[in-house]
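Here chain A shows up in two complexes: once beside chain B, once beside chain C.
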Partner chain A sequence: MPHLEIDGAVKRYAGKTVLHGIDLALGQGEFVSLLGPSGCGKTTLLRIVAGFERPDGGRVVLAGADITDRPAARRNMGMVFQAYSLFPNMTAEENVRFGLKVRRETPAAQQARAAELLALVGLAEHARKYPHQLSGGQQQRVALARALAIRPALLLLDEPLSALDAKVRVQLRDEIRRIQQETGVTTLFVTHDQEEALSISDRVVVMQEGRIAQAGTPAEIYGEPANIFVARFVGAAAELRGRVRDAEAGLVELCGRAVPAVRARGLTTGAEVHVLLRPETVRLGPPGAAEALLEGVVASRVFFGALTSIRIEIDGGFSLAAAMPSAEAGAVAQGSRVSVWWDGEAPRVLAAE
Partner chain B sequence: MRFRFKTGEGGGLTLAFVGPLVVYVIAFLVLPTLMLLAEAFSGKRGLTLKYVAALGQGQTVVAFRNSIVLSALAALVGVIAGGIAAYLVLRPGMKRGVRSLVTSFSAVAANFAGVPLAFAFIATLGSLGIITVWLKSAGVDLYGMGFSLYSLPGLVLVYAYFQIPLMIIVFTPALEALRREWREAAENLGASAFDYWRHVGLPILLPSLLSAFILLFGNAFSAYATPYALTSGIVALVPVEISNVLSGNVMISQQTGAALALGMIVVMVAVMGLYALAARRIGRWGRR
Partner chain C sequence: MKGALGRLLPEAWLGLLGLYFIVPLLATGAFSLWEGGSRYGFAAYVALFHQPKLWQSLFLSVRLAVETILLGLVVLVPAVFWLNLRVPRLRPVFDFISVLPFVVPPIALVAGMTALYTGPDWLVGTPNYLVIPYVILALPYTYRALDLGMRVLDLRTMTEASQSLGAGWGTLIFRVVVPNLTTALVGAALLTIAIVMGEFTFANILLFNTFAVYINYIGQTSATQASALTLLSFLITWLAMLGVLVSGRGGRSVQIGGAR
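Moving on to the complex of A and B:
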């Protein structure tokens, strides 16, 4: 039995449907991310689970109990918000104790639990500080401790990292995953950052215009995008228009040349397709290399530290990017001609809409 | 040609705007206060404590007591009623039209004081006012029950007319600054509405409530035209007493007037001192 079950959730605002019957189930201890662009309905879905919004259709079931009509205060869910939501009139410790205080737990129990949680998020020495005396990352850690203090049946994270700078964001992202695994709390995480979702989740649910576009493990979402929206939204990929040359042989035609793409098998020969190539699957070599499928000119190089992104203008009119270890990328000069190839397993082939 | 404000180290722009204000404050607040101070202690033969000592006389003590009680009550009524009204108007789901209607009305009503306001109340709730007469014909004799518009409770009622809208105006920004996330976080953690207001909402608003109380207290404490037009001096109040001694209604004594005004300043300074102490205590979480 799933720990959380969202069954046909529908939400409308002023006659506009923003959620079209969402079905989603989370197993006990699972970390699931809702990923999508602004306005796709991911936060609305989270707020329905939290009890801040009432669905116009469908139901929310937690541990076998229908909680659709249960007020937020009685759902026993911990939530970390996007904006800093710590109570500014309370110290970090008082914030963490708040949920226990309103549950009428003894002061000793409150204190012990707050100390335990602040230690878990690495802020034991900041217990007596007010929110304005803490950095953004520290505030979000306290918010996480506060949400976990009540031993929630479900942890809800509403873009908790989006207001933080890049370095702190990565640190806290890893912290959240560690803490989630330590506590085993079932977690629903909302984000528009695909890197965040892929790196932290057991499963990712990509949402588009109030519908689930694809749900799967991070590897499935990245490697096997179900449609062009998911492919475009998750990870970088060159998107090339082509045609299935020979479906049985797994060949597609790009710029008048037949190139291998085993995923073309099962499609119809002659069908228009999108061929998606992740930068890390593209190989480069000197002109005339034996493996060459296409040739082109290096248009630009962008250094990203360990990797360098190289953009190639392919003869015939389209461009694609290759990601190479920076140590090897030195040999590929801007403006030089290169051969381009890939393994037949690499391209994702989607029927053109 | 491009113009650029100078905002660098020299602070020329700041000086250009703040400078005239400082001059204005010195010319029309600091200097008059110093002159009052000097006058209150000046007699025909130089320095004297006669006029300040006269503040302890019966009628003056009553005037100060009445003014303080009236101002505190009017401020309290304004803070409570105006605070609740502002909260209700800003509640989620309240129509925008209602909100702008209340805001516009408040802006007008907060400035509608003096003789017109006194007349409006006399015409409605005076001893022969429309509502009074109508209620009497319906069997409710307001004045027979002890109510009088020309008394302290009557003045509190009239002051409420401009105090409540003023409270709505000054308190709305504080209410708007309450973040939705605080309420939702509290709710999510299991708090009832009462828990939220007790532990989060009211403590955060308390400094603003105190500031508003001081403003409303000062507003009522310095009101002159309204009580004068309404009570014609029946209820002793300090501003009316000052007018009496300056206009020669009872006697002409600039020094007595100066001493009374000085007393008012002392009261306001004392109230603001109490406020500073309280604000320091309750607002410690906001200090950087």
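Moving on to the complex of A and C:
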């Protein structure tokens, strides 16, 4: 039995439907991310689970109990918000104790639990500080400790990292994952940042205009995008228009040349398709290389540290990017001619709309 | 030469402005000490402080100020809370209503009130009746102080955070909202005191002997005592204003979030 089950959740605002019957189940201890651009309904779905919004249809079931009509205060869910949400009149420790105080736990139990949680988030020595004395990252850690202190049935994270600067964001992201694995709390995480979602989750749910576009492991979402929206939203990919040359053999036609694409098998020969190529699957070599599928000219190079991104104008009008280790990229000069190839397993082939 | 003059100009201007405020006060103070001829002393103050009517009117005004603060906060705190939390789109309506007391002259308000001069005995016919117009008069200040305090607090996030931790409305209001609004509440209260202590029109027309009415009465009977009383009333208002300024600098209570 799933720990949390969202069953046909529908939400409308002023006649506009923002959630079209979402079905989603979370297993015990699972970390699931809701990923999508702003306005896709991910936050609305989270708020329905939290009890801050009432669905216009469908239900929310937690550990077998229908909680659709249960007020937020009685759902026992810990939540970390995008905005800094610590109570400004209370110290870090008092903030963490708040939920336990509401539950009338003994002062000794409150204190012990607060100390335990502040240690877990690495802020034991900041217990007596007020929120305005803490940095943004520290405030979000205290908020996480506060949400976990009540031993929540579910942890809800509403873009908790988006207000932080890049370095702190990565640190706290890794820490959230560590803490989630240590505590084993079932977690629903909302983000618009695909890197965040891919790196932290057991499962990623990509949302588009109030519907689930695809749900799967990070590797599935990245490697096997179900449609062009997911492919565009998650990771970078060159998007080439072509047609199936030979469905049986797994060949597609790009720029008048037949190139291997195993995933074209099973489609109809002659069908228009999108061929998606992740930069890291594209190989480059000197012109006339034996493996060459296409040839082109190096249009630009962008150095990213470990990797260098190389943009190639393919003869015939396409442009695609290749990512290669910077140590090897030195040989590929801007303006030089190169041959391009990839493994037949690499391209993702999607029927054109 | 010109540079030095340019630098001195702001100070000179401030100094002139200061004189504009301070000279009448000093003159009033000096006049309140005048005992006729070339004699100066505290006779006016002594005579004043021996009049039971002064104390009665002062206590009445203080009592009305306290009642006005309580009624104002009981009505406004939930209203502004609700405005910020649930119906922010009604803010223009609230803003408009809050400035009505500036637009409607007190004399028109009091005429309306006398026309509606009905109600229970403990209200009508006692000075308590004044609390109603006083709440209205103080509305522009109290509403704005509370609204600002709640806007700074990010009420919606605070509410949802406390609800998700299991808190009910009572816990939310008394443990989270009110403690974080002390600056706003003190500001609203002190502004109300300043207004009630100086209000004349309503009390005079409805025939209640408040502090301001008493100042007016004294002014018609003894000029030096009136000066002394004016200074006293100025002092009360001024202390209330100082309180607003000092409490506004408290810092922590309105401070939220943000990296330091």
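Keep in mind that, in the parts below, the second predicted complex is superposed on the first by the 353 of 353 C-alpha atoms of A that agree within 3 Å, B and C clash if a C-alpha of one lies under 4 Å from a C-alpha of the other, contacts with A are read in each partner's own complex, and residues count from 1 in each chain.
Keep this in mind: contacts are C-beta pairs under 8 Å (C-beta built on N, C-alpha and C of every residue); 3 or more make two chains touch, one makes a residue touch a chain.
In this text, all values refer to a predicted model and were calculated from it rather than measured experimentally.
Peer 1: After the chain A overlay, clash or fit between chain B and chain C?
Peer 2: On the superposed model, which is not a single observed complex, chain B and chain C clash.
Peer 1: Which partner does A:Arg146 contact after superposing on A: first (chain B), second (chain C), both, neither?
Peer 2: It touches chain B and chain C both.
Peer 1: Is A:Met77 touching anything from chain B or chain C once the two structures are fitted on A? First, second, both or neither.
Peer 2: Both chain B and chain C are touched by A:Met77.
Peer 1: In the superposed arrangement, does A:Thr281 touch chain B (first), chain C (second), both or neither?
Peer 2: In the superposition, A:Thr281 contacts neither chain B nor chain C.
Peer 1: Figure out whether A:Ser135 sits in contact with chain B (first) or chain C (second), or with both, or with neither.
Peer 2: In the superposition, A:Ser135 contacts chain C only.
Peer 1: Determine, under the contact definition given at the top, whether A:Pro88 touches first (chain B), second (chain C), both, or neither.
Peer 2: A:Pro88 sits against chain B and chain C alike.
Peer 1: Pick one for A:Thr308: touches chain B only (first), chain C only (second), both, or neither.
Peer 2: In the superposition, A:Thr308 touches no partner, neither chain B nor chain C.
Peer 1: Quick check on my understanding: which residues of chain A belong to both its chain B contact set and its chain C contact set?
Peer 2: Overlap of chain B and chain C footprints on chain A: residues 50-52, 71-79, 81, 83-89, 98-99, 102-103, 130, 132-133, 143, 146-147, 150, 156.
Peer 1: Under the touch definition given earlier, write down the residues of chain C that touch chain A in their complex.
Peer 2: 153-154, 157-158, 160-168, 171, 175-176, 179-180, 252-260
Peer 1: In the complex, go through chain A and note every residue touching chain B.
Peer 2: Those in contact with chain B are residues 50-52, 71-79, 81, 83-91, 98-99, 101-103, 130, 132-133, 143, 146-147, 150, 156.
Peer 1: In the complex formed with chain A, which residues of chain B make contact?
Peer 2: These residues of chain B touch chain A: 179, 181-182, 184-192, 195, 199-200, 203-204, 285-286, 288.
Peer 1: Given the complex with chain C, which residues does chain A contribute to the contact?
Peer 2: Spelled out, the residues of chain A in touch with chain C are 50-52, 71-79, 81, 83-89, 98-99, 102-103, 130-137, 139, 143, 146-147, 150, 156.
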